[in-house]
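Two complexes come next, and they have one chain in common, chain A, joined by chain B in the first and chain C in the second.
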Partner chain A sequence: MQAAEKSSLAMRNWEKLRRNRLAVTGFVIIALMSLAAILAPLLTPYDPGAVNLAKRVQPPSWAHLLGTDKLGRDVLARLLYGARLSIVIGLCSALGGALIGTVLGCFSGYFGGWFDKVMLRVSELFMTFPQIILILILVVFFGQGVFNLIFIFAITGWSGTYRLVRARFFSLRQESYVEACRAFGIGEASIMFKHILPNTLSPVIVSITLMTAGFILAESGLSFLGLGVPSGIPTWGNIINAAKAIDVIQNNPWLWIPPGVTISLFVLGTNFFGDGLRDVLDPNQ
Partner chain B sequence: MVAKTDELLLKVDELHTEFTVGKRRVQAVNGVSFEVRRGRTLGIVGESGCGKSATAHSILQLLPKHGGIAGGSVTYYKDGKDIALSALPRNSSQLRAIRGKEISMIFQDPMASLNPVYTIGNQICENVLQHEAIGRKAARARAADMLTQLGIPLAASRLDDYPHQFSGGMKQRAMIAMAMICNPQLLIADEPTTALDVTIQAQILELMKKVQQDFGTSIILITHNMGIVSDMADDIAVMYMGKVVEYGTVREVLKTPRHPYTRALLKSVPLPGLNKSERLATIPGSTPDPSEMPPGCPFAPRCGLASDVCREEPPEVELGGHHRARCWHTGEGA
Partner chain C sequence: MRDVFKYFTFRFLSIIPMLLLVIVIIFAGLQLTPGDPLAYMIPPEQLGSADFDIEAYKKAMGLDAPVYIQFFQWFGDLLQGELGFSLVDGSAISKMLANRLPATLELAFAALAVSSVLGILLGLVSSIRQNSAVDYGNTALGVLGISVPEFFVGIIAIQVFAITLGWLPVSGRIGYGDVTFFDRIDYLVMPALVLGFSLTAALMRYTRGTMLDVLGKDYVKTARSKGLPEWKVITKHAFRNALMPVVLLLVFRLPLLIGGTVIIESVFGWPGMGGMLLDAVSAKDYPVVMICTMLVAFMVLLASFLVDLLTALLDPRVRFE
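Our next item is the complex of A and B:
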């Protein structure tokens, strides 16, 4: 009893996470791919934007491991550098959406009342309105660009987190420890942000990982359609954009198979990690 | 050690607390009056739903949004001044300054009363830091001191433990530490031992007695357990359907109960000294729906002494000393 290990909650969860095979697999995939993106300049000598018209559409070779595209740019270099932007867009959008959703969810769930009623309807509106159409409208409105895309993803993607946090607040504000806080004279803001909020964060963290995967897919989809990131900037979506032509699909598989596999692998890894994290952070387990 | 005195600390006068359920208003507390004196323990007993918790929560206005004080007053006496707690706006800074500092509260379920994401020390310190201008280190030292006094070994090192590393009894000790760290004048204990097993119950009750002796704290002990009340309390308020039906010192109420409900309650629980051949009695029927209260005495439908006169609101009969009962038949059937 006295020798009880000094385990913090974080340590306990870390132990559980390490024993969860799904989460570890996902984490390894994400970590390796993120590392490759960060170390891109060391892994490839090529500049992802360098056009070399002498070497257009070359199949994979020792010089160009994944071949070159229609402008003679190295596909591997573009994939590695593209990973940086795609991951950043996915993560920042998810964080932004989660931040908006969490803050609104806190107020909505803690105070209830008219604010909650209005916000709930607004979130339902965002959930029922087809997101892709909303994004298309906003892209037209704000123009293309990395930051615009992150902004658009964040303001269209907050409703899930909002509902999650709101629902948790509804149940947590009835907890005895919240009542105890009140009985000890602790202020509303402190109860809300210091005592209740940390107890809602596990599902938010899980939803951030899953949202990241979703936004990476969304970015690829939009860029594929030519509506996402401007085509000059390498992202996974812009690379796969090359496969819009049927002859490319038939004759130049190295232009679309590697980015396709990369996107799938990363999204798979994120989902694995998110699912594993959910199991770890679920207090009922 | 502070002697038990006759000095008034808290006076609850004709308190009415209402809850809005759907479109109806339900009277949870319906004209409750009692006094708490310095260094003494008041036991509030009654069945579930009789309004004992609502009364306790009304004192500090710790009521849910759909509930509120509808009438009467709660007055707290501090250094000769009287503060009308019931007149302060809910969650006002004046009221928050009293909560936890002057009047503290512990709850039924110690498992749920501590925030799982913070350490025990952190949570105990938070209460001191909230009310007193002292540093983190001093607060921590005081928290360790408090836990030691409450019988937690190696208290200083256990401050960094999380609630899940504490057992139920230890959590309730930690709760008492949180409640007592600012040395409040009044501790409201809302069924503090109901969620604990019997051996731990006894320990916690002993601890509360010790705390009372060491700090001279007055206690309001809310329970449905007659045994605990007879062991702990100096005064008793027996509640039924939002009303205090009998009030007096432990001696007066337990030795000479004058309200039929108190008598029925006492007959329904085993108390020390009870004749072994005697069977425990049950109270027939169940409590009426608080939104459809019968006129007159609410206990009449279940009462063996009920007569026609019970359809009228019973008077509060003074029975000498502080002893009083709310019944038409206080003189009969003893």
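Our next item is the complex of A and C:
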């Protein structure tokens, strides 16, 4: 009985999502680009790190569809392999931030009290302080690197999810089914994580999607400044980093237009998908 | 009226504990960072001279004193504008800031002015002509504003307006022979527009949303049905009420604008605080990083104070208690 209802709700949501044109467009963009990243070795014969000084800064040709960069590396190969890291950084940071936010939000919303007051203040601080400056400061202390970056993104990006989850817990903890759970003698932890948490997950899923877009932008900005992922590793931001020089902007458009368009397109797709998801899962927002 | 004054004084005073907290955090950060604090407290030429007695100096400066006494000394210096010295080239941080801060403020205020006027205007047009070509164009612009990285917008702008068309200078802040602000305004146009791009998009979406909300309200229908001309309904009845949330969003996003200057200054070679912070981060110049952070934190606090102030002034329902 319960299973049937569950599947029909899931089916209904799936139908709604399928009919939402923006969400479908977004999903197709994300899926195609992720697939291209996964299948990178099949799509390009080049190694993204292979330096070929004889073929430096070549314009697009049949051999190199998007040309080569200052070290003779194939731009298309770097874009495809770079997609792997950029997407993984964006997604892992969003998941990490959402995890921190959800756990803190659970405790804060369920128990209230001084912990809630302090955490609310702290989250306000994180929300109002410009994130890029906070990230820069942390980069000074932790150093550059893929894992450091994910860690820094996660600990600076939890406040939005925290507030969402906290607000839901605040209203849900007064529901009669929670009272019933208590009356049955179910433990607090079990009530929190097994009975209330599942009801807060749909806005969290939406915020993970939108956060992924934000972190991909943040990574590209930081790498563009030369302070993100170490410059030898291909990510979308590191590829467009070449365009910090005016002569590259002027003479070698293939070095900055493809990565710029790629980042914009992926973030656009993620935002579309996230907005569509919100319409379906969270109609009252 | 006296209530209003009392409320603002109270709100303003309540910032002070937060300011102190920020200052304590910055001091702790400076204490915890690696490196000898002497290196950024003494001008390097003095530190380098042969007859300089470091132990005596430490004693004289109170560096052998307990941490809390050191804190008060540092705090006293801070109040007098002594911000310490850079680890990299030994220049006084106060002097560096005096050179760099005006440029950043100029850029941020220009971006703020342009994007608030442009964003609210476009949003207004979109809401009045809902589902028209203009509205769709604006919606597309709004989506691009949150999806395209600002440095990419900047690079495209340089390619189009500076290199291809040659209308505007590629980078920098002051040209040869420029004297007044208006001489060098051509340098400001691109960075300000690009920095304000995402804020413009956000404001536009938001203005459109709140305007559509208000235009559906009963009092707007009443105003229309009593025969007021449409422009009067829109400006006097709808826009006034739609404006408040928009202004709040605007002030709320001020810190973001300050953060955005870091990237935009790098794209356009704008000689502001963002570049200074960036250099300091790459060189692990802790004192400079910390002082910049402190400044940004002050700006954030100021912005949050402004939010309260504007809410109180714009919304008569806010009580002054």
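Keep in mind that, in the parts below, the second predicted complex is superposed on the first by the 273 of 285 C-alpha atoms of A that agree within 3 Å, B and C clash if a C-alpha of one lies under 4 Å from a C-alpha of the other, contacts with A are read in each partner's own complex, and residues count from 1 in each chain.
Everything that follows uses one rule, which is that a contact is a pair of C-beta atoms (placed from the backbone, for glycine too) under 8 Å apart; a residue touches a chain by one contact, two chains touch by 3 or more.
Fair warning: this is a prediction, and the values are worked out from it, not measured in the lab.
> Counting only touches as set out at the top, which of chain B and chain C does A:42 meet: first, second, both, neither?
A:42 sits against neither chain B nor chain C.
> So in the superposed three-chain picture, is A:199 touching just chain B, just chain C, both, or none of them (first/second/both/neither)?
Once the two structures are laid over each other on A, A:199 reaches chain B alone.
> Tell me the contact category for A:136 with respect to chain B and chain C: first, second, both or neither.
In the superposition, A:136 touches chain C alone.
> Contact-wise, after the overlay, does A:53 reach chain B, chain C, both or neither (first, second, both, neither)?
neither
> Given the touch rule stated above, what does A:240 touch, chain B (first), chain C (second), both, or neither?
Once the two structures are laid over each other on A, A:240 reaches chain C alone.
> Looking only at contacts as defined up top, I'd like to know whether chain B or chain C touches more of chain A.
Touched residues of chain A are more numerous for C.
> With the two complexes superposed on chain A, say which partner A:187 touches: chain B (first), chain C (second), both, or neither.
Touch partner of A:187: chain B, not chain C.
> Spell out the part of chain A that touches chain B in their complex, as residue ranges.
For this pair, the touching residues of chain A are 2, 4, 6-9, 112, 175-177, 179-188, 195, 198-199.
> List the residues on chain C that touch chain A in their complex, please.
It comes out as residues 143-144, 146-152, 155-156, 158-159, 163, 170-171, 252, 255-256, 258-260, 262-263, 266-267, 277-278, 281-282, 284, 286, 289, 292-293, 296-297, 300, 303-304.
> Going by the contact rule set out above, which residues of chain A touch chain C in the complex?
128-133, 136-137, 139-140, 213, 217, 220-221, 224-227, 240, 243-244, 246, 249-250, 253, 256, 260, 263-264, 267-268, 271
> Per the contact definition, I'd like the list of chain B residues that touch chain A in the complex.
Checking each residue of chain B against chain A gives 60, 62, 65, 91, 95-101, 104-109, 112-118, 126-127, 130-131, 153-154, 160-162, 164-165, 175, 178-179.
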